[in-house]
Structures are given as C-alpha cells and as structure tokens.
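Labels run A, B, C and D following the written order; every chain starts at residue 1.
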Amino acid sequence: MIHPATNSAYQVDDLGFYGEFGGSYIPEMLYHNVEYLRKNYLNIIYEDQFQKEFKDLLKNYVGRPTPLYFAKRLSSHFGTNIWLKREDLNHTGAHKVNNTIGQILLAQRLGKKRIIAETGAGQHGVATATVCALKGIECIVYMGSVDIERQAPNVSRMKMLGAKVIPAESGSKTLKDATNEAIRDWINNPEDTHYIIGSVVGPHPYPDMVARFQSVISEEMKWQLKEQIGSENPDAIIACVGGGSNAAGAYYHYLDNENVRLVAVEAAGLGIHSGESAATSVLGTKGIIHGSRTLLMQTEDGQIIEPYSLSAGLDYPGIGPLHSHLIQTGRAEAISITDDEAMDAVFLCSRKEGIIPALETAHAIAALEKMIYKDSDHIVINLSGRGDKDLGTFIKYIADHEQD
Amino acid sequence: MIHPATNSAYQVDDLGFYGEFGGSYIPEMLYHNVEYLRKNYLNIIYEDQFQKEFKDLLKNYVGRPTPLYFAKRLSSHFGTNIWLKREDLNHTGAHKVNNTIGQILLAQRLGKKRIIAETGAGQHGVATATVCALKGIECIVYMGSVDIERQAPNVSRMKMLGAKVIPAESGSKTLKDATNEAIRDWINNPEDTHYIIGSVVGPHPYPDMVARFQSVISEEMKWQLKEQIGSENPDAIIACVGGGSNAAGAYYHYLDNENVRLVAVEAAGLGIHSGESAATSVLGTKGIIHGSRTLLMQTEDGQIIEPYSLSAGLDYPGIGPLHSHLIQTGRAEAISITDDEAMDAVFLCSRKEGIIPALETAHAIAALEKMIYKDSDHIVINLSGRGDKDLGTFIKYIADHEQD
Amino acid sequence: MNRIKSLFERKHSNILNVYFTAGYPNLEDTFEIALGLEGCGVDIIELGMPYSDPLADGPTIQESGSRALKNGMTLDILFTQIEKLREQSELPLILMGYFNQVMQYGDKKFFERCKAVGVDGLILPDLPLHVFERDYHQLFKELELTISFLITPQTPDSRIRKIDSLTTGFIYVVSSYAITGAKKGIQPYQIDYFKRINAMELSNPKLIGFGISDHKTFTIACEYAEGAIIGSAFIKALGGLGSLPERINAFISNIKMKEEINS
Amino acid sequence: MNRIKSLFERKHSNILNVYFTAGYPNLEDTFEIALGLEGCGVDIIELGMPYSDPLADGPTIQESGSRALKNGMTLDILFTQIEKLREQSELPLILMGYFNQVMQYGDKKFFERCKAVGVDGLILPDLPLHVFERDYHQLFKELELTISFLITPQTPDSRIRKIDSLTTGFIYVVSSYAITGAKKGIQPYQIDYFKRINAMELSNPKLIGFGISDHKTFTIACEYAEGAIIGSAFIKALGGLGSLPERINAFISNIKMKEEINS
C-alpha cells in the first residue's frame, strides 16, 4: 500500500524538487500533459477505487507480497544475515510491474487510449506491454537497438503481448536514446497517449509517482522483517540503481529512519574511470536529463556522455533526482560495481541459492564485497529481477572467459 | 500443505495401485531404493520438521501461495468465469518446483549426496538444479537432445545453477528417453543417489509422493475460491497432462467431490490420428512404462511409440497411473489439443491477459474451445507455467506462419 | 537597441526566421550560411547549439547536431564564430539550445557571453517559465537579450497570457503536435488555433514554427502571424547538391517564390 | 524334463550362458548365432526380445535391440525362429525381455507359446516378485518353464530367500551396481558379495551376470557360482569383423581360453 507523503526531508516539494534535484525541465509541447498529471496524480492514485484495484491486481495478478527470503548459504558465505526481497517473483520477473500496474490504472482514468514506454533491459517494456494487454490498450515501446540485441527474450515477449517495439537508433542506441524517442512520440501524440516512464526519472511528478507505486516493496519489507526477526528495521538495504525505481521502492518507508543504511549500487562497466562506465554518482555533475535536474554524466560542454554497462538496465547516464539528493546529503552510500564483479555475483547467487538474478540485480549483490558490516547485521538486498532475460549474456560471458 | 491420504476411491492402495494402474514394475537393481522410499516416504514427509521446512520454503523461497486470478478478459471472451491458478509465478516459473522442494528435503533425510533427474521441457530440470544449488548438492539432469534444442533457455539456466545436463540420444530423444537414462544412472549409482522424478509417473511411491507435494495447488485453490466466490468448489478444473503432476496437484483435494468436473488435456500434436501425437488417453492401451502400469502408446507388439508434440513437456507416451484411473473410471474427462490449437491459446492468453503461458499450459486453455459449460460456471485453469522457455518456439511459429 | 526588437518595430509581416545547426554540414560553415541567408533577405537567423539529446527536435535536426558535434563544435567555438560573424552582419541572431548546455557552461556566464558576442535573443525550449522568471528575467532585461517562449495548441489561455508577459522578442507558435520536420501541410485545426491565438491580441509578435517547409506553408503561416520559422526543411536543403550559396539561394527563393528576393 | 533343470543336474560349474538380441545384426541371424554358440560349447542361450525401452540394459544392448526392431523383429517372428531352431538344437534356451511385451502379447498366451516353441525359461527383470507369485507361479509350474529372478548387492537376505523360493532354474546374480556392459573387472567388494551369497547356501544354482566380458572375469565368476552370463561383450563381438561363425568362435574361444572348446 502507498500513502500520501508524510513530512520528510526526502520527499519531493511542491515544485517537484528533492533538495536541488528534480523539477520539470520540459518543452512546452509536454507541458499540458505533465502539468495535468502533476495536479491530479495524488488525487487519482489515492482514490479508494484506485487503491482497491491497484492492491487487487498486485495481489492476484502480480503475485504480491513477494517473499522476504533469508538466504542461508549467501549469509554464511558473507558472514552476515542476508535477506532477499524477491521482486524476481513478480509476474513478468522484476519490480517494474508494480509501477506499470499503477500507471495503467492512471492512464485509464485519464482516458488515454495509447501507451508508450521506453525500455532498457526490456523489463519495463514487458511490464508495460503486459498491463496494456491486460487492459486491451495499444502499446508502443521504444528500445535502443543495442538493447534489442542483448535482451532478445524480452523483445520476443513484448511482441507476444501485442506491443510494437520501435528501435532507437540514435546516440548509444540504449536506454537514454529510447527515452528520447518516447518523449518525442509523446510530443507528437499529446492527446490520446500516456507515457509510462519506467523509473524514478523524468519530469515531476514522475519520480515521485513511480516511487510511490514502487514503495510497496519497503512497505512489505517492514512487516516481513517484523515477522521474521522481530524488528521492522534492517541494518542496511542494498539496491541497484539504473534510474533508481527499485531502490526508491526499497528505501521508501525507511527514508526518514537514519538507522537504516541505504546503499545505492551503480554500474562501473569496465571500471569507473575506464571511459566505459555508468557510475553516475562518481562521474556525474549536476545537469538536466529527460526533464529532471540531477546528477548526470556529461562533457564540460554539457553534452550527455554515452554510458556503458554490460547490463542494459543500468546503462543510463543519470540517476533519479531522489537518489542524487540522497547521495548528496549522505543519506545513501553509493557503490560502483564492474561488469566482472557483477558476473561473479550472478554465479554466486545462482550456485548458492538457486536464484539466477538479473544482471542489474547482481550489482546489488556484489556490493557486499565492498561494504563493511557486522556478523549480526540484517541486510536486505532488493532482488529486483530474475536473470532469464540475461541468459544469452551469461552464456556468452562464460564462453568468452573459457577462451582466455 | 499436504495431508496423509484420506479414505478415497482415488488414492493409491498398499501395493501402489490406483484401480488397475500403478504398481512398481522395476528391475531388482532399483528395488532397494524404491522399496525403502515406499516404506518411509509418508513418515518422512509428514514429520513436523519436514512439514515446517517444506512450508517455509514454499512460502519464502518459492513464493506461495500463488494467486488464483480472475481472468476478466478471457472470461468475457469465453462467456464464463475463468480463474487462473498462477503456478507460473512460482520461483523458476512452473509448478515443478513444489515437488523438487519436497524431494530435496527427502533426499537430505535419506542421506543422499547426488541428485539425478529427467526433464522434458526443462522446467523440472531447472527446478531440480535450483533446489540442488539451494542445498549444495550435486545435480545431474538427463534431457533428450531434441528437447535440449527446443528448450535452450532452460538448458542455460541449469548450467548457470551448476547442474550437469546430459543429452539422451536414444529413441525419440525426448522425455521418455531422458527418463530411461536417468533410471539407468540410478541403477548404476544406487548408494549415494536420489532420483527426483518430475511427474506423477514411475514406480510406486513416486506417483503418490509427487501428487502429495503438488497437492498444495488444490489446497490453496479451496480457500482462495472460498475467499473470492464464497464456495470452495469450482465447476471444473482444467489442467494439461504430460505425466500429470500439475493436474494431480490441481485435482487432489477435489478427487472425491464428484460435483467438480476434472478435465485432463493432452497433446494431440499434429492431430490425434496423424501419427504425430501424444494423446495417450485416446491412443494408449494398458502397458508398463517407467515402472508403472498405465495407459501407454504402444505397438501391437508392445513397443513404445515415440510420441510427438510441439510442447516438450507433454511429449510423453504415457500418463501417470492416477490419470489412467481417473479417465478409465470417468472421473476425469480427457480432451486432446493440437499444436495449432495450443498456439492459438498462447496468443489468446498473452493478448487478453498479459500472461504468456507455457506451451504445455496453453493446451489446458485451448480445452475451453472444446468444452460445454454454462455462463455461470466457475472454471479453474491450472496455469502450470510461464512461456519464457518457449519464446523461441513461438517466434519460429509466427515466422513459419507468416510465410504461408 | 536589440536587433530583434528593432526588426519587429520595422517589419510586421512575412518575417522569415531560418534555423540551422551551428557547425553543420562543416564546422566552419556557420559564417557562410549566415551570410548567405542574410544575402537572400532572411530576417532572423536562429542558430542551433548542437546537442547530444535534443528532446524537442526531430530526426533531421538531431542528425545535424550529431554531425556538428562530430565536427568538433563547442560553445566556445560557436561564440567565436558569432563574434566573427558580427564583424560583417547586423542580422538579428537567436541562439536556440537546451538548458543543460547553459547550466554546464555557467548560466550567468553564458548569457553575458551571448550579449558580448552579439547574440540578440534566446530560445531554450526546456527552460521552465517559473525558473526563467525567478532566475533570469531581470538579467535578460539588463543584458537586453530577448527570450522567446513556445506555445502549442494545448497551451491554455491563462498560460499564454503569462508567456506573453515574460516573452520579449516574439512568441514561438508551435503549429501543431508534430515535432519539427515531422509533418507536412497545414490542417484546418491548426488554422483554428492560429485564429484563436490572434483573437487574444497578445502584446508580442508571433512567429509560427514546426512544419513550415515551403512557399505554401510559409504563406499560410504569414496570414496568421508576423512571420514563420523554417528549420528541418532548410537543414535538409543544406545536405543537397551544389555549392553552399547555391543551395541556400535555391531554398530561400523557393520559399519566397523568387520575385521576393532582394525586394 | 526342462532343459535348464537337466543342465544343472548334469553340470555344476563353468556354466556359460550367452545372451544375444534376437534379430541382430540381421533379422534372420538368430538361428545361425544360436547354432554357432552351441557349436562352441555354450551351455545356455539367453535370447533377448528386442525392446524399445530396455531400462535395465546398457547402451550396447539397447542399440542391438533398436537395430533388431528396425530389421523388423516381432514376437511372432521370434517364436517362429525358435521353433525352427528347436528342429536342430536341444540347447537350454531362455527368453529375456520386458514385461510390457508379455502383457501386450497376452500373458497366458505368451507363456503358452513359449512352451510350445521350446523355450525353457524366462528372465523378466521388471516383473515384480509378488505379481509373479500371485499370477504366474502356478502356470509356470504347469508349463514347466523356469523363471530366474535377479539379486543385487543391495538385495537383503530375506528377499534373497524369497527369490530363492520362487526361482526355478537359476538365480541371476547381478555382479555389481553397473548396468550390463557398464564396467570392467571385478572389484573386491563384489567378491565379498559373492561369498556372502554362497554362505547362504541357496537351493537354486547361481549364474553371475553383468560385467562378465572375458576369460578372466568369467573364471572369477565361476569360482563363486555355477557359472556366468555374458551379454554386452558378445553383442560387441557380433558387430566385429569376419563371418558370423568366425566371430562367435573367436569370442567364445577367448572366454574359454581355446583348450576348453569341445571339451
């Protein structure tokens, strides 16, 4: 369940800012839709009927609550207590669907007849195509042509679900560029179309709205921890950050509880300073991307740098404004994980727990190698998604490394 | 939760028979292990500690209970009330894991250090590899080389989980042959090895044991229906039958309630009488396969006929002895569905509900086209698994049919 | 006096504003293209600062921006090119670009440099109205830079009034729902929209942009506003055959139907 | 009198039982191979009924069965071949096969036909003891057919006694955990097992099978039992070079180390 904002240092303000990050830097062509959303989103999503339908679908369609699973063998491997929040068990295989369920209900109430979305790893695209099929609404998904290749199973899934997948061929041909194309589509189709953004990025109110839909993750964590360890509070919560929606959901109800460490894990690609990285919190400076003021990888001249990560879902040059704020204020710690470290974590989790994590998620698991913690700590890793979509990448990685 | 057998016309008798089907037709080399299992399985699996661990893993690892989802758009398409029992939401994506969780706990208690399994669609192989990783036990999976090709993602998953996949090259190179190889392995390694059979087939006590582990499906259905429609009883339960484990689980707690129609859906391949089929209840005669007396596709001379279905999980020349008994006594109705009918159902379910079903499962959905039912009926379809493993088959099917 | 303001005092119709991306097709073409346009009687030059992620632009302009960036274009080079251009031309000159570029350069520093090199006005499509009002309104007045905000068929009247009150120079009337270069021809609903805007009797002059590509669309736009803006169509022409001056001449002649040139 | 029973009355050691798959390598080879084996002094012929899914057999035997089925072998053809063989040979003859074949043929009809064509005994590895006892014990007595059950290193003593009480002919001592053809050589634990069985002083004679492939293993087996059964090794030999009689002769000579032949 999601609740209206409480007084919090980490909640968005009236203009859509988290501290100095956020806002709505959009061309006039988008103003009407975004402003209408801004004015109405809280009213709509906290309507009784909306909440009823939202919760019902999360329970009966998505399969929530997702378990909070004590990972015994990982725990003994790392010498602490590790809990996995199993967002991989959601219908479609990742946390993304929490948000698309919310947004499709919203789109219906806005009277929209056509849905667009961007996708990186394809999980958001699949989750969007899924809810569109569920509601019988037309769906167009923009996806970088590089990502189309490396996340082929998800492309097939979207097609099976009746969505049209349009390749983005500009820039690095990944998530950033797909987002550009989706925004352009929205500019061209402002009347009948709702744009379902897949992360806590974009102009206000998207970051806040998506965080609210995802906040069900930490809401469940609270009672699940209470049930299993007798306290609502873990010592730390680790989540990977592409745009930051799974992290936002996993942190949400703990934002004001400074005893709970929040760990944001970014993709360092081939190494933070290798030139092939997506470690925004280290490499980024303040800038604007996709309508939001946030930390951003850019040149001195303000050109956005094409990011790199083996993982299509973390391959984004910015982070959501909430996360910029959390990192800037020290509320969250940022850790960067390379491709190789993430792959090691994929194998570790698969072999120790019988859970093949998404490549994105593996970055969060790998962070344990770089953190200081106590034996007695209870650490929650948000297992944002399953690795089925990445099998091709995994198998290729194995083959490449056997040749070495 | 599973309970010891109640008095029932459809429960196995002391010798392992359901009516005239079942038993234990095995070579002496298997006798010791199977007999030990037979004598001890009920005691072991109804131990408090076993039940506690079993239920805990089903809840916190597998993600049970799985939802019973009212499929609104499918319901209006078919003009009745359709409920989907979402076994696709289980960890690893099918019902198979209910059984492998149970059997790995059993294997631990038997002191076994090595697990073997056969697999057709790969779901049982993945579910076995998963629980072996979870428990740190060696895992060998036999899989027909034809199935290795058509279920490639599951082969990759098993490898990621640390299992060894051994191709079966004899016969039709599918499930039957993989089962032969697994049995041979067990004969060769009787001391340290437990054989986790993936369906309600094989010598007694396997059919009964697997049915008990899967019975959690109908156990949940009862309270879920009660909660949602006010009655524990649907009008009909539809499930696909390869060996029959998902069907057994979905029927289990309704076996003695003759008001609930039980519908068993088999694969008719290219057509029941096309020579390329796996419709055992129509084409089968009484015989012995994999240690069990049951209905079986065989020649006049008692040679087992190589079955065919586009679906690797239904491509089996027999059915579990319980199902032979249910069909023979008229308790269950058998319906046969061709490849094309199943593919239509895959698309229907994907586009109407945003759920891409496994190709096996699609046979159960397609059965609605051939059944007589009332508007007011409540029909449960056991959604045994998700279709991710079949994406290659689906995409190829689309391509082949676009060329026509 | 600001060259844009004085233009609109002088001329009230058929104003032709031509957009092109600085540094395209070649890094040093800015100068020649600007002078070429001036020679053809164009009224305003809108110089696009090439950007990696131009959200509000269509593929033609994005592509020209990518080429310009590959050619090595930077803001510093651009300012130097404008400085040089100003030695030979008094044509009204607008810089169009995305706000991230401005922020990263340093906002104050950026606007002061604009003034210093002879830029007359700015179009920053993703700069929020309230941010402009709060942070830059005063500065723009001091520097005598104009700012042109966009309005679209979906912009409500109250917001148009607000935009009118903050705009200096002209209002950029986005003709349709289509991103630059996306559609051809002008539809009846667009005419209605132009009429609606005219009826509001705004204090600023208006230029209609997006989808103006030829004589016909230019002429229609000029019926409902002081003039129009051509972007993608000109960028496409720059990629055509012939020498740069020939291409420019041919394109503008076509827009103006020849006889107007040098009139 | 049943030929197997009379063999065991006559001979108490070094009994050689050779298995081969009927219809392999060619459909009509059954006759020639059987006579060839008889000519080499083999004591019992165990004729395998080729089966699509021979669970208890290794790859060599499965492969020979597949070939035989492809050659067109059926139970009716096999019975006819045995009938013909019986015109020339009084060698003890056992049919080995899977119970499904028997059921599908019709169990009574099958056993009666066995008797009629001159089969002496049966090995049906997947026929449960209790089913035999309940359904066929009496019939086998009436038809004077022997039945040989298997015991393995894991068979408990009580069950061995039960098997001994139902077996007629000989007990098939499975030498190890390995399926036919799977391993080579005889390990110490196997010797212990043979000794344990011997100490039980069973009423039936015993033949050791599985893993008997050459003179050495045959000799060891014969130390601990009345004789041994060779299967896979012979099937492999049948697939070798030379004429069928040559291959058979060479193989059996090797097992018996030549001098024994015709002894």
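Structure notes:
To be clear about the criterion, a contact is a pair of C-beta atoms (placed from the backbone, for glycine too) under 8 Å apart; a residue touches a chain by one contact, two chains touch by 3 or more.
All of these numbers come straight from a predicted model, not from anything done at the bench.
Counted as hops between touching chains, the shortest connection from chain C to chain D is 3.
Relative to the C-alpha centre of chain A, the farthest chain centre belongs to D.
Separation between the centroids of chain B and chain D, computed from CA atoms only, is 37 Å. Separating the centre of chain B from that of chain C, both taken as means of CA atoms, is a distance of 67 Å. Those residues of chain B in touch with two or more other chains do not exist in this structure. Counting only residues that touch two or more partner chains, chain C has none. The touch graph of these protein chains is an open line.
Here chain A touches chain B in the complex through residues 59-61, 63, 66-70, 73, 86, 88-91, 93, 129-134, 136, 153, 156-157, 159-162, 346-347, 350-356, 387-388, 391-392, 394-395, 398, going by the rule given at the top.
Taken together, the chain A residues at the contact with chain C in this complex read 15, 23-29, 31-33, 170-171, 176, 180, 183-184, 187-191, 285-291, 296, 298, 300-304. For chain C in complex with chain A, the residues that touch the partner chain are 51-53, 55-56, 58-59, 62, 66, 69, 74-75, 98-105, 125-128, 130-131, 149-152, 154-156, 159, 174, 177-179, 182.
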